[in-house]
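Paired with chain B in one complex and with chain C in the other, chain A is shared by the two complexes that follow.
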Partner chain A sequence: MTAIQTRRRSRNRSDLLVRYAFVLPAALYMIAFFGYPILKNVVMSFQAYDFATFFNGHAPFVGVDNYAATFSDPIFLRALSNTGLFTVGSIIGQFVLGMGLALYFRKRFPLSGFLRSLLLLPWLLPMIVSAAVWRWILEQDNGALNQFLSGIGLISDPIPWLNSSDTALIAVIIVNIWLGIPFNVVLLYSGLQSIPDELYEAGQLDGATGWKSFLHITLPMLRPVVSVVLLLGVIYTIKVLDLIIGLTGGGPANATQTLATRSYEMSFVEFDFGQGAALSNVLIVIALAFSIVYLRANARAAKNG
Partner chain B sequence: MSTATHSAPVLTATPRRRRPRRSWIHTVIGIVLVAIMLFPVYWMLNASLAPAGNSLNTQWLPLDPDFSGYSRAIADQGQNLVTSVIVAVGACLLSIVIAAPCAYALAQFRIKGTAALLFLVLISQMIPGIVIANALYTVYTPLGLINSIPGLILADASQGIPFAILIMRAYLETFPTSIVEAARVDGCGHVRAFWSIVLPVSKNSLITAGIFSFLFAWSDFLMALTLTTGETIRPVTLGLYTYIGTNDTDWSAVMSTAVLSSLPAVILMIVAQKYVAAGATGGAVK
Partner chain C sequence: MPSTPTPTPTPTRNTAPCPPGPAGHPRDRGAGVEPTRRALALGALSVPGLLALAGCASDGGGSDPTAIRIVDYYNTPADDVAINGTFEKCAADLGLTFSRERVPGDQLVAKVLQMGSSRTMPDLLMLDNPNVQQVADSGALAPLGQYGISAEGLTPAVADLGMYQGELYGIAPTVNTIALFYDVTALEEAGVEPPTTWDELREAAAALTTEDRYGLAFSAIASYEGTFQLMPFMWSNGGEETDLDGEGVLGASGLWADLIREGSVSRSVVNWGQGDAMDQFKAGNAAMVVNGPWNIAGLEADTPDLEWDVTTIPVPALGEDSVAPLGGEVWTVPATGNEERQANAAALLKAFVAPENQLYMAGERSTIPGDVEAAEQFASENPDLSTFVEQVSTARSRTAQLGPDWPRTAKAIYTANQRVLVDDTDPAEAFDEAARTVS
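And then the complex of A and B:
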């Protein structure tokens, strides 16, 4: 081996080290704050990890006890069905209203760009701020919603939106729809913008206008974006926690308890981290299932787009 | 994103422009729609200007604004606001410092393991925060990071870092390699090329990443709720939450705190509209 070759090789090696140094901090962070917590949750879910563990460090292995306890807990079933209702209700509401607004703002009119950008605001506010504001709006005696509804004569008695187990889940879904509309508008609007005008012009010649052109031109062209919006919506919605904790704390009587809030409650209120971890693993499995579908849909959209 | 400005020279000659009068009707309807959507924000502002106490007749317009809610909010929550500023600025800086070089490497270097890292970054955005909080609490306790600013900064960056990596990588993928290669031929090292060529050119994506990293940390509630236990280190989001619980008769002070907590988002939306819009779509569709 000649001296030049050796030098080149060592230069290549140090070059490679420099390249890896660019990635290293991020890789370490991602492993510490995502890789490790995920693994730790899996391990904890098979341990009796509770209050005592924080004092004596013992977390005995208990097999599938935490899962057995979780699945036989009636609150778990309630939380599971609430998570389903919350997610489906939120997604339908956000998508329909978001689509309506996106279609409306597609018309070119004065100030449309400015008004559209104002719509983003609810999405940028801290979720706990939105929760506080809506608590005040939904308040039984002085809240704006009840005042408005009784003002126009629609109700005679004020509705205890957040304090009754009949209405709490509906109220929480309504607030979450409000929060999710901006996200839907932004993505759907940018999807609508990429549909060439020529298609509509051609459709017009074939008599496809209004509703027909929406069904036969807009929806098919928008399909990749729609699937991304819906899947991301599901992924974001099943993990919502701030909003529910802020509005109802999961109550009344578990009426708004979801998998995320129940997992929080198990770990940080009951101090049973083992069961909390078992619950959050159920949540992870659901989230990952949708994530994989999403990543594939997104890759397809990128390829076609 | 392929929001291509598809040029159709023939068709642009016959624009689908409507008569001005109809357009203004659209504007009016548009204003009404936005007003309905933003009513809660207005209502927050309105309630923050109401006099103290739980008045039975809420005014629909703050004709007689009372700023005492703000003085009570600042007295009670001022310290928490300062904590939030420190944590959010810290998390924003940390996110950029960690994410920028990584995004560049993911976009431009061909080295082993980057595919796995990118996958972890993509998946991380979908992991429920409670999973992270569960595990972090058990590690933070022995490390003494509970109730600490560094602990919160590190935890809050968990939203900013993956987002910043994705946003900046998407931009740097389109960055012409030839510029960096030319500099490299002139004997410029990777670090210098990155610092003096790549970073200045990717200023826009840096700003977008920074804004969102800041807002994520500013808005964080879950990490504050789980990783702090006392009153000494308490971000304003958690302060607001406990405020409602203990103070639900004084809505004007609560709503003043809510307004103060919303200021960064509102200010950034006004002064950095372009970057905010870029971040809104950038995180989802690449």
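And then the complex of A and C:
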């Protein structure tokens, strides 16, 4: 082995060290702020962790008691199905409206840029403000929505949007759709921008216009963006907490209780942190399943792209 | 305008032992003047360490035993000035200094848990009364008897707010409760007297209901506020929080359901907090409202022309006592382990809750002194609050019976009540299930 080779090897090694050193802060950050809380949450879900634990540190392990209590909680099934309905309803609404608006804004017209930036408004408002404003809008007696609907003769009796267990979930979904539209429009619009015009010109020569061009050119070209939008949408929606707390607090009579709100309530209203952790772990597992699908789809797109 | 003592936050000292973060690497001596890649890498490495150090900058309690650290949630100017002014006066008399930290109201419990687990409890801690037993139960509070503080002179129910297992852990200098506000002109126009019984309440509410006004408003929201407002109806009817499916509780929930069914109360009450209910009253959308004295200042500021008055919460039958729940904050001395500071904090607390200070704070904050004699004097000096003084004298503490189990029961009550109000569920069915969830 020559001296040059040795020097090169040690140089390689120090290069490697430098590279790891740059990765280390991010890794430490991930471990400290994501890994540790998740681990702590898992451990907590097997403990009798209550109010007093914070002061005396006493949290005996209780096996799967918290999970057993979670699954036998009469509200659990309701929260689970509400979470499903809320997520599916929100995603469908956000995506369809978002897609419509994205297609609309692809056409160039005066003020389109200005209008498109207005669409971002829901994003700019703090969630607690949006929730308060929507509570006024959805008010049964004097709310703007009921005034409007009865004004145009669509309804004769005011709809008890947030005041009935039949309509409260629908009302909450409507607000969440409004909240999610900007996200969908922004991503879908930028996806549409990247489809070359030539494709449409060529399609036009072959007679593909209107619906046909949307189905056979736009949708297939947009597929990677669509899958990202939908999967991220699911992951964001499944854990929505602040909006529901702000609108209904999970009520009336648990009609809008989801896994996220129930877990919050378990921990910070009933102070049963062990069971709250168990419930939020169920939520994490569900979100994780979608995250894995998302990461795989992303990896595939990267390979193909 | 009272003299406005400005808050004087004493600079907090950081004496907590802080473990060195991973930043403790010696600087690379081999690096020249130009930063090498290696030096850069080390710089990058030190970032998380610095962050960790920054995270340690919480106050672990200074060593000076006369510097008292106080945590409360008095953020509105009227509350803040009255509380701070009283502490300034008392601390000066005792030769103590203090620093106050004001936490947003809804974050206080989380803050207390956090301070508890990091052993950074303040020397004086304010708690909302339903949480006192829970914190005392966890062993975080020092019994006040050893410092010569007793509940003597306090209205018995007010003393209950700070009691746990026969020991006094906290003192409420002033308290509040709820009563029935009404629009005097509207009642005169409709030709009804302020209601005193449930029958009268139903008749009055119906008579006061018009095309664009409900007769009555209250809060039945899915939170402690919804339970708080049902309590006077429940207790006055002989209901008990230990007997959720008893006739007394069912009757109270049934009364509210009837009022909604008859159209005298909006079904929206299930989404109204107490502030929202008061807003409906201010806007003229309701002729009567169940509410507390803490909203009087806003009522007078927003609707100076409205002629309103207050009466006690109507009772099921003539001659019965109107039993309302006590609201308000309780001051405690956390067991921090530093005896000298605890004794100083207790001395400050004892001075803070003296009757003359109760009178001053009650006047500034539209609340009722906890001391029996101070309350009587207060009623004669503030006739517009005398109804609340009367209501407080017969009021009850929510946690006297259930202690640390109260939060779970409070949730069961508002949930069952919402089922009755929005879905017309039979109260017996809804509260039967509630009783099972807390058993």
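Going forward, the second predicted complex is superposed on the first by the 270 of 305 C-alpha atoms of A that agree within 3 Å, B and C clash if a C-alpha of one lies under 4 Å from a C-alpha of the other, contacts with A are read in each partner's own complex, and residues count from 1 in each chain.
We take it that a residue touches a chain if its C-beta (ideal position, glycine included) is under 8 Å from a C-beta of that chain, and two chains touch if they have at least 3 such contacts.
It should be emphasised that the depicted structure is a prediction, and the values quoted were computed from it without experimental measurement.
S.K.: Which of the two partners, first being chain B and second being chain C, lies in contact with A:Ala253: first, second, both, or neither?
M.R.: second
S.K.: Mind working out whether A:Arg135 is in touch with chain B, chain C, both or neither, as first, second, both or neither?
M.R.: both
S.K.: Is A:Leu288 touching anything from chain B or chain C once the two structures are fitted on A? First, second, both or neither.
M.R.: first
S.K.: Check whether A:Asn163 is in contact with chain B, with chain C, with both or with neither, and answer first, second, both or neither.
M.R.: second
S.K.: In the superposed arrangement, which partner chain does A:Phe271 touch: chain B (first), chain C (second), both, or neither?
M.R.: Second partner only, chain C.
S.K.: Touching A:Leu85 in the superposition: chain B (first), chain C (second), both, neither?
M.R.: After superposition on chain A, A:Leu85 lies in contact with neither partner.
S.K.: On the superposed three-chain arrangement, identify whether chain B or chain C touches more chain A residues.
M.R.: Counting contacted residues of chain A, the larger count belongs to B.
S.K.: Which partner does A:Pro25 contact after superposing on A: first (chain B), second (chain C), both, neither?
M.R.: both
S.K.: Should A:Ala208 be classified as contacting the first partner (chain B), the second (chain C), both, or neither?
M.R.: neither
S.K.: Is A:Ala69 touching the first partner chain B, the second partner chain C, both, or neither of them?
M.R.: neither
S.K.: Let me check the overlay on chain A: which residues of chain A are in contact with chain B and also with chain C?
M.R.: 18, 21-22, 25, 29, 54, 135, 141-142, 268
S.K.: Using the touch definition up top, name the residues of chain C that touch chain A in the complex.
M.R.: It is residues 22, 37-38, 41-42, 44-45, 47-48, 109-110, 113-114, 116-117, 134-135, 137-140, 221-223, 266-268, 270-271, 285, 404, 407-408, 411, 414-415, 418-419, 421-423, 425, 433, 437 of chain C that touch chain A.
S.K.: Within their complex, state which residues of chain A touch chain C.
M.R.: That would be residues 14, 17-18, 21-22, 24-25, 28-29, 32, 51-52, 54-57, 74, 135, 139-142, 160, 162-165, 248-255, 265, 268-271 of chain A.
S.K.: If you look only at chain B, which of its residues touch chain A in the complex?
M.R.: 1-4, 6, 8, 11, 16-18, 23-24, 26-27, 29-31, 33-34, 37-38, 40-41, 43-44, 47, 54-56, 58, 97-99, 101-102, 104-106, 109, 111, 113-114, 117, 120-124, 126-139, 141, 154-155, 157-158, 161-162, 165, 189-191, 194, 215, 218-219, 221-222, 225-226, 237-238, 240-241, 244, 251, 254-255, 257-258, 261-262, 265-266, 268-269, 273, 276-277, 280-281, 284-286
S.K.: In their shared complex, at which residues does chain A touch chain B?
M.R.: For this pair, the touching residues of chain A are 15-16, 18-23, 25-27, 29-31, 33-38, 40-41, 44, 49, 53-54, 101, 104-105, 107-112, 115, 117-137, 141-142, 144, 147, 178, 181-183, 186-187, 190, 193-194, 196-198, 201, 225, 228-229, 232, 235, 238-239, 241-242, 245-246, 260, 263-264, 267-268, 273, 276-277, 280-281, 283-284, 287-288, 290-291, 294-295, 298, 301-302, 305.
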